[in-house]
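Listed next: structures, encoded as structure tokens.
Below, chain A partners chain B and then partners chain C, in two separate complexes.
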Partner chain A sequence: MSDYREPTYAEVNRDILRTLLETGSRYWIVFGITATIAIVCFYIPWIYQWHVGLGASGQSRSDVWGTYLSNFIFWIGLSHSGTLLSAVLHITRSGWRKAIYRSAEAMTLFSLMTAAFFVLIHLGRVWFVHWSVPVPNQMGLWPNFRSPLLFDVMAITTYLTASSIFIYMGSVPDYAAVRDASTGLRRRLYTIFSFGWRGTAREWHTLGWAYTFFAVFVIPLAVSVHSIVSWDFAMSLVPGLHHTIFAPYFVCGAIYSGTAGIVTVMYLLRRCLNLERYIREIHLDNLGKLLIALSLIWAYINILELFTGWYSGSSFQYEALTYKLFGYYAPLYWEMILFCAFIPQLIFWKKIRSSWNIMFVISILINIGMLTERFLIVSTSLPRKFLPNAFGFYFPSLVEISITIGSFALFATLFLIFIKWTPCVSIYEVKETLKPLRRVE
Partner chain B sequence: MAKNIMALFQYQDDFLNAARKLKASGFDRISLMTPIPMHDAEKIAGLDKSPVRRFSLIGAILGGLSGFAMATACALVFILPTGGRAIITFPPFLVISYEMTILIGVLSTLLGFHIVSGLPAWRDKPYRMETSIDRFSLVVGFDPDDDPALAEKIMRDAGAEKIIQVEKPE
Partner chain C sequence: MGKMRDKLKQYLKPGYYEKYDYHWGMTIDLDRCTGCEACVVACQAENNLPIVGEKRFKERREIKWLRVERYWEGEYPNIKLRFIPMLCQHCDQAPCETPCPVAATYHNQDGLNTQIYNRCIGTRTCAVYCPYEVRYFNWFTYKWDEPLEQQLNPDVTVREKGVMEKCTFCIQRIRQAKDHAKDDGRRRVRDGEVTPACVQSCPTKAMVFGDLNDPNSRVSKMYKNPRGYKVLEELNTLPKIVYLKKADSDV
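Right after this comes the complex of A and B.
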């Protein structure tokens, strides 16, 4: 943009802290709506399910995994780009990361929390969750670590812990900035949150090293998490799930969905919090290029999945693929292909790539496609395994549909709390991208 | 006599020059505070490779070993024979080790950060809130044979915007 004027350091503090310290009625209205939907559509049906059991869902004997599992994969997937992208761009010292990474990491954290809820919901009797943790219990039961489900417990616990630490540590200098700009209780709280940060050379130096190590740990972790989620499916012998391509397929899909999620979140932050000066066209352009690359890889893996299924010569695999392509849920399959493989190709055009409104719509369509993909993985395979006489049919119940809708409201509520708790754009890292404060140029 | 002198600078080159001159004049007890990370300031403070990396390495190794040990212990305490396979099976247990390597590695890096940086440090120390906005500050502490007037002159000559006497210990 030709009329762009670089902000000063003081303006960066003022503009970003304003989003946190000034709260208008519009925020409370939106917050009230999302929180109410989360309670009514998410928590109340879940509590109802506690009372009546998992029969409240559409799951049955042949299809023991339904939307709870597909939503779990979707939310885990959505979590993928935030921390992963932030870590990769930190290691490669990409400057454009600095304005967008904080919110992307928050997206990771809250998507993971939402995903973890789905594990608990799917569990049914949630009060037995401690059985998956290696602690002594009265029955002498210990977890079986040969099961991919236990890999999942380890992977998600690690990812949630690492992501929380990653975002918190990166925010410590900004908490100090909030502390310095506030008074009263807020000041006392942020004194605690910032650990008494003063910005000494030692503090910056140690944070820089620690942060780099966090990034180094997080990159292989993020790849492993969705690989492990894919093994929940691929390690079974169920036709349609038993593919070696599943791990890269899931990882690619997760990053794809997460990157689209970042575009959606950036659009909303930019519009609602007036952050146009910080979240700029360059960010959209780079995210757009990333989306093109990911859509091509994703489309290639989908073609490969069809090819290997056909080439395997297994009649069961062939039947599973035929059902996916031409069966009851075929319209959803082709919708997924349209939204995730064809429509994103429009981003090749610079004009589309630089339009916030069009990119916002495309990012939403991609995530609708990705949600469908996860639903199809579950609903077209498990109910139709080997013997036709045992074939079933899965369709989500009202409780499942309600909880699915409620999960989006839950995510939005958590994110709205976040933007009033942590500066959603990193203050000190944005300053790093500005012209240095030198007397001699 | 004040225990410390604090100077605020508007420009980072003035700030770095002052810090270098103070070091050259024998003032060793200096603290440099900046609104953004600055490699030059870290160099002046004599900081090179951080010991945090040792915490990361040791944590990662311990995590990997403890992950494998945990999976093995659970398999031995609660034996589940499956299709004649070994009770202690490497491929799945290595996945657990891998996750634990990262988990404990991250936690020990966090511990390392707190130990090396000295944070949390909630007690009152010399600090000006402008430092979190757009000012660079320098705190000089003195030994009995140091000359505070000389330090003040060096900082003023380098372009310090404000010089303050602070009683709080660094």
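Right after this comes the complex of A and C.
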């Protein structure tokens, strides 16, 4: 498959701009389907829930948190790899990042937006959500700065802002390329998007400097975001959640599911937009190696979690652990272990690592596993806290299941809008990796 | 500069519960408790708790600020039934207070753990953090049918959907008692002047309520009872309710 001729500069422009400028009927059909699912399965149930109250969900007294929060962690996690990976690879000057980073960063952006929706869905009185933002007001009321949830609001908004600036800044020269290749309204629009980019040496220098600055800025942010998300859980006294390992566990899991998500998106982009010449085996190979490393760390932390519960000598911990391993949701637990710890070990084989189809399947299995992991975090610990009288059982309601399905459609819709708005492969950086054809002396 | 240093010193050593007048606490004598649930009904009536109906009850969405937990001990012929009334412990180091992003739950100057319904945005974090599971969420806006709304307590608000609520130690009665004391020209409320609805209704007088700052109050004396213990004390939440152990004849 790797016998593609290396494209010329003009071909790079043409190939990638084609994905923006030519829109086939297939795109509109897929877009129509995802947008419809997003409205029917995501927004309509949400409006219904808004109307009747949170009782529309399956949550009850002891399990007051449910899939809304577990999906929130999942989407935040999925957002983790894009910008982080792009920034790390930029700083370490890994050339292979250049063809894939734009879509990875877009994934970050849109999964963060989806996650933000889940925070809103989760709230009992969403119409007062602005109270959790420190806005000076007449009554002198401030949010509670000790609350991990407030850290969370801060961390996520910062991360969302930084990663949108990061992706936008990296796209400016490409917006200029779109501007040059288009006419009419689109041309005028992209003139604004590209800030009148002309490609002078000074502009390139500033871009490079600013981009590296942001890359350095974003890395600690990405690590902090998921640590803080984990503190929402770990700072409680709940036996299954009150672990110091939670922050690294969440960060590692987040990068893990995010990297798998990148593989999935890569595969689809390559297939649907005919970008075989740009997204190549080397990307798959490197992402595969990363996945193995992450799956091993993830498995290690999972074993560690069992041992801390086991060695704690606390009956509450035992109860939480037993419920997780052998309770009602035990099949889900073992499914998660299979999908996230055992199946990814297949990637050790070069043959599997370089097969797009198998990697696509594995990447989806990993994310199914990670989705269940997040679900188990809330559904197995909260119903088994301290007082046996208050033990409960959580099962998501139809509204919750529908919103979960709808969130994937929402993400897909946003992503589909994105690929028609920004070149999903960085044109100028792909050109940097090509051998110069002929130097003008 | 010196003034600022004093302020800082004051800030570092708040000791607010010594500075203020009251430190409300309660003891529950399990030897006297028969599990009759009169307290549960009294609480329901006093604090405008909604009657959620059978369907919601089965979904475990009932709202009972005070519940009587029932535990079976032992196997069939030697079986025993235990009761323990469980209500908000008004912990001095309340785990539910730190996580609220909008500070809707806080410690007031009487040492009570209070919930501000108007400020609550319904993240339900406090309920997750509470080890006693005594925080109840309004999953729906409940309605009182025709004649029932006549019995709503005018001193207590009616909560809407999406708001967390819990036992307040009948704060409206505490306020009233303080006001009366002030009208009489007294600085302090006398012992026994405040009785929460549950304490008032207990037929066996198993519950005692009062001010822990007053060493001569009944509750302070009961606090020293050797049978006393606190639920989940090992979590270091410093709960304010002391349970007096049931004395078994056959142990």
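Note that in this section the second predicted complex is superposed on the first by the 430 of 441 C-alpha atoms of A that agree within 3 Å, B and C clash if a C-alpha of one lies under 4 Å from a C-alpha of the other, contacts with A are read in each partner's own complex, and residues count from 1 in each chain.
As a convention for this text, a contact is a pair of C-beta atoms (placed from the backbone, for glycine too) under 8 Å apart; a residue touches a chain by one contact, two chains touch by 3 or more.
Computed from a predicted structure; not experimentally measured.
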item	value
First (chain B), second (chain C), both or neither touched by A:Trp65	second
First (chain B), second (chain C), both or neither touched by A:Leu387	second
Which of chain B and chain C A:Met154 touches, first, second, both or neither	first
First, second, both or neither for A:Val238, with chain B first and chain C second	second
Touched partner set for A:Asn144, first chain B, second chain C, both or neither	both
Contact breadth on chain A, by residue count: chain C or chain B	B
First (chain B), second (chain C), both or neither touched by A:Phe128	second
Touching both chain B and chain C, residues of chain A	141-144, 146-147, 150
Contacting residues of chain B [partner chain A, same complex]	10-14, 31-38, 41-42, 44-45, 47, 49-50, 52-53, 56, 60, 67, 70-71, 73-75, 77-78, 80, 82, 89, 92-93, 95-96, 98-100, 102-103, 105-107, 109-110, 112-114, 116-123, 125, 127, 129, 131-134, 136, 159
Touch list for chain A against partner chain C, complex	52-55, 59-62, 64-65, 122-126, 128-129, 131-132, 141-144, 146-150, 153, 232, 235-238, 382, 385-390, 392
Interface residues, chain C side, partner chain A - complex	56, 59-62, 67, 69-71, 86, 95, 98-103, 119-125, 127-129, 131-133, 136-141, 160-164, 231-232, 235, 237
In the complex, chain A residues that touch chain B	8-10, 13, 134, 140-147, 150-151, 154-155, 157-158, 161-162, 165, 169, 172-173, 176-177, 179-181, 191-192, 195-210, 213-214, 217-218, 220-221, 224, 228, 428, 431-432, 436-440
